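Right after this note come the structures.
You will see two complexes here that share subunit A, one where it goes with subunit B and one where it goes with subunit C.
Then we have the complex of A and B:
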């Protein structure tokens, strides 16, 4: 079991390593303009430098800011989105009214809302978190209501015949039954809010955040820091997806035998 | 009949949303929440005498089409090649998994340094947004093609290219469409984001962003509505019509709704 896990990680890391080696060779041999291409070793050095930085924000502080914003946005979106999704899934007439609005607003990219929110509530955290929440909200609502609608009606009927009251049906039948869909919505919400927070940080952040750091580095044509930021973003996301989300799925829907 | 009913309901809903919005806007400060009337007025101003809005839309559409087409062609090709060659897949798959985790917008600062402001950066961002989901899904689709089909086609003498065109692609069409749909969503996001950061004069994202400097909230609302309508058009009309003509006609998915 353990060996398989290590094997899996190795077979994922090896091609990445190969990619970095090729990049390094191109950089060292000066095949392309190195001021624009940088080198993996330089990027790695820069990450160390940015961790130890004393005169400005460290890369860890920037990451922490982005992660905090994403977490708050995701928390808000999940709370509001799940509640509304449950309501929509249970009440058909409310769903019919709100569904067209949701389907219209859902594909609008989160970042498109940013200028509006900047005008309304100014630069900084309020705008970044609001837009992040908004972008995660739609997939969560949509998938929650879809999950509730997808529950086999016969299960609900039989539990109610056996004497379960409405509250119990929601808690013990409807919620667990729609959990695979809710998890999908949550996963999409996480991806969306993370992307949106990074994007809005480029437009509206005043103090920090990975998006801010990368966009700020552009002003000084500091490619190395941009690469460092991009690589860190990918690693952070992969880490969260492969630990937190996997764990969540294992603890809930996998244990209940809903997916294999 | 049910469809007609749905349409009437939707129209009634849109009307009531507009009326409600107008009422709220009248009660609140005009500056922060523009009324539908002022958005409509701004729309007319942006179309006549100078068709600025149409220029923005045309420019964005042009960029989207170029970027997305490149993503589609390259994405499908990479997906097919890595789906056919097992060894190549072992290398490409993890790289793709890594690249797909990078928010598309994060490429924009890099592209701004490498190629500068303007069209090239925006189109490259659109390409990067669409490419990975398309390639990833194409490759997944190649994996699930029934090997018996391939063997049968080979025995009957189909050559490589023909085999790909007539067996692999139709058989993996559901994945192709999933990829194309995801890809256009990602491309849209990339387009709007990149236009805000890198456009120099036109584009719908640029319009929204530039409106901020003049506190022109009606124009921002208009921009959001235009994006909503255009994404609806690209997804529902473009992709769904391909879906109907291929996998639904071939009976690969069950029609629902």
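Then we have the complex of A and C:
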């Protein structure tokens, strides 16, 4: 079991390592302009420098800001999205009214809302978090209502024959039964809010955040810092998905055999 | 034993299908006695399951009525237990919690419910699997949980919709014997749907043959075979073989009728 896990991590890391090696070779041999391309060794060096920075915000502080914003956005989106999703899944007439609106708004990229929100509520956290929330909201509401609608009719029957009332059925059967879909929505929401928060940080952040840091570095043609930020964005997301989310899944829907 | 338990009167059920109204059941009449083991057989798609769903209260008759203890069935209720072909267990609950859930709904505390569920665990031979999740069990074990769950809150009537239909032949035979053993202990009125005549005659006090759509009762065959029954003895019993032939003969015309109507090009 343990050996398999290590194997899995290795087979994930190997191609990445290859990618970094090729990048390094291209940089060392000067095959392309290094001011534009930088080099992995330089980038990792920069990450260490940025962790230890004393004269400005450290990369950890920037990351913490992005993570905090994403967490708040995701929390709001999950609260609102799940509640509305449950309502849509249970009440057909409400769903028929709201579904066209949701379907229309869903494909709009989160970042496209940023100019509007900047106009309405200005730069800073309120805009970043609102737009992050909005982008995570759609996949969450959509998947939650889908999960509720796709509950097997027979499992509801088998509970109603035991004398359960509607409330009990919703709480103890419909909600746990939709958990696989709700989890999917949550994961999509996490991915979307993380991307959107970082993107909006480039436009609307005034103090920090990974998006802010990267966009700021661009002004000084500091490509290495841009790469450092980009690599951290990927790394942090993968870390959260493969520890927190995986762990959560392993303890619930995976353990119950509701996903493979 | 001779007390009338279920009375189905002039029952008709129609659905709105792609080509207008489809009659699944028409003017069906049937009486079932208390503690009787009744098996419904009929060609596939004839409305056996629909009839069972109406007995459960999952679906409503288009006209006619079903009486349970002289009361019209208006919806699902804990005086009945239901066993599905595909088990339909709660994947997020352990075996014991699947079984105790009905008791919790009845108002027992979780502790009491689990205590009572343990009896059914023993009855169904599920000891050692109390804390397993359903997806880790074999089909036969899953259906043991399904039956234990339906019996846990002590319903008077047990409705079974092809409960062994998705099990392999060996497990199926074993489960049939197990069901008879349990029925002998728990004494319930059982209504059992199957398309297997072998199974029907082995289990039943009475086999009810239904016609092809729209379903009516085509014939009722009393199965006067000794109990307890088991495969070793009943299978070679000449009366068993004769009864099987009898049911098959009644059913044959209906299956041919079904083929001509629904499977011709």
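Throughout what follows, the second predicted complex is superposed on the first by the 260 of 260 C-alpha atoms of A that agree within 3 Å, B and C clash if a C-alpha of one lies under 4 Å from a C-alpha of the other, contacts with A are read in each partner's own complex, and residues count from 1 in each chain.
As a convention for this text, a contact is a pair of C-beta atoms (placed from the backbone, for glycine too) under 8 Å apart; a residue touches a chain by one contact, two chains touch by 3 or more.
This is a predicted model, so every value here is computed, not measured.
Q: After the superposition on A, what does A:194 contact: first (subunit B), second (subunit C), both or neither?
A: After superposing on A, A:194 lies in contact with subunit B but is clear of subunit C.
Q: Contacts for A:152 in the overlay, against subunit B (first) and subunit C (second): which applies, first, second, both or neither?
A: Second partner only, subunit C.
Q: So in the superposed three-chain picture, is A:252 touching just subunit B, just subunit C, both, or none of them (first/second/both/neither)?
A: Touch partner of A:252: subunit C, not subunit B.
Q: Just to be sure I read the superposition right, which of the two partners does A:176 touch: subunit B = first, subunit C = second, or both, or neither?
A: second
Q: What's your read, subunit B or subunit C touching more residues of subunit A?
A: B
Q: Scan A:164 for contacts with subunit B and subunit C and give back first, second, both or neither.
A: In the superposed model, A:164 contacts subunit C only, not subunit B.
Q: Does the superposition put A:205 against subunit B (first), subunit C (second), both, or neither?
A: Neither partner.
Q: In the superposed arrangement, what residues of subunit A touch both subunit B and subunit C?
A: Common interface on subunit A, subunit B vs subunit C: nothing in common.
Q: Help me check something: in the complex, which residues belonging to subunit B touch subunit A?
A: Where subunit B meets subunit A, its residues are 9-10, 13-14, 17, 32, 90-95, 97-99, 101-110, 112-114, 185, 188-189, 192-193, 196-197, 205, 208-209, 211-212, 215, 217, 220-221, 223-224, 227-228, 231-232, 235.
Q: What part of subunit A is in contact with subunit C in the complex they form?
A: 152, 154-155, 157-164, 168, 172-173, 176-177, 179, 252-253, 255-258
Q: With touch defined as at the start, can you tell me which subunit A residues reach subunit B in the complex?
A: Interface residues on subunit A, with respect to subunit B: 11-16, 18-19, 36, 96-97, 100-101, 104-105, 107-116, 118-120, 194-195, 198-199, 202-203, 211, 214-215, 217-218, 221, 223, 226-227, 229-230, 233-235, 237-238, 241.
Q: Per the contact definition, I'd like the list of subunit C residues that touch subunit A in the complex.
A: Spelled out, the residues of subunit C in touch with subunit A are 53, 56-58, 75-78, 80-82, 84, 86, 88, 90-92, 101-102, 105-106, 133-136, 149, 153.
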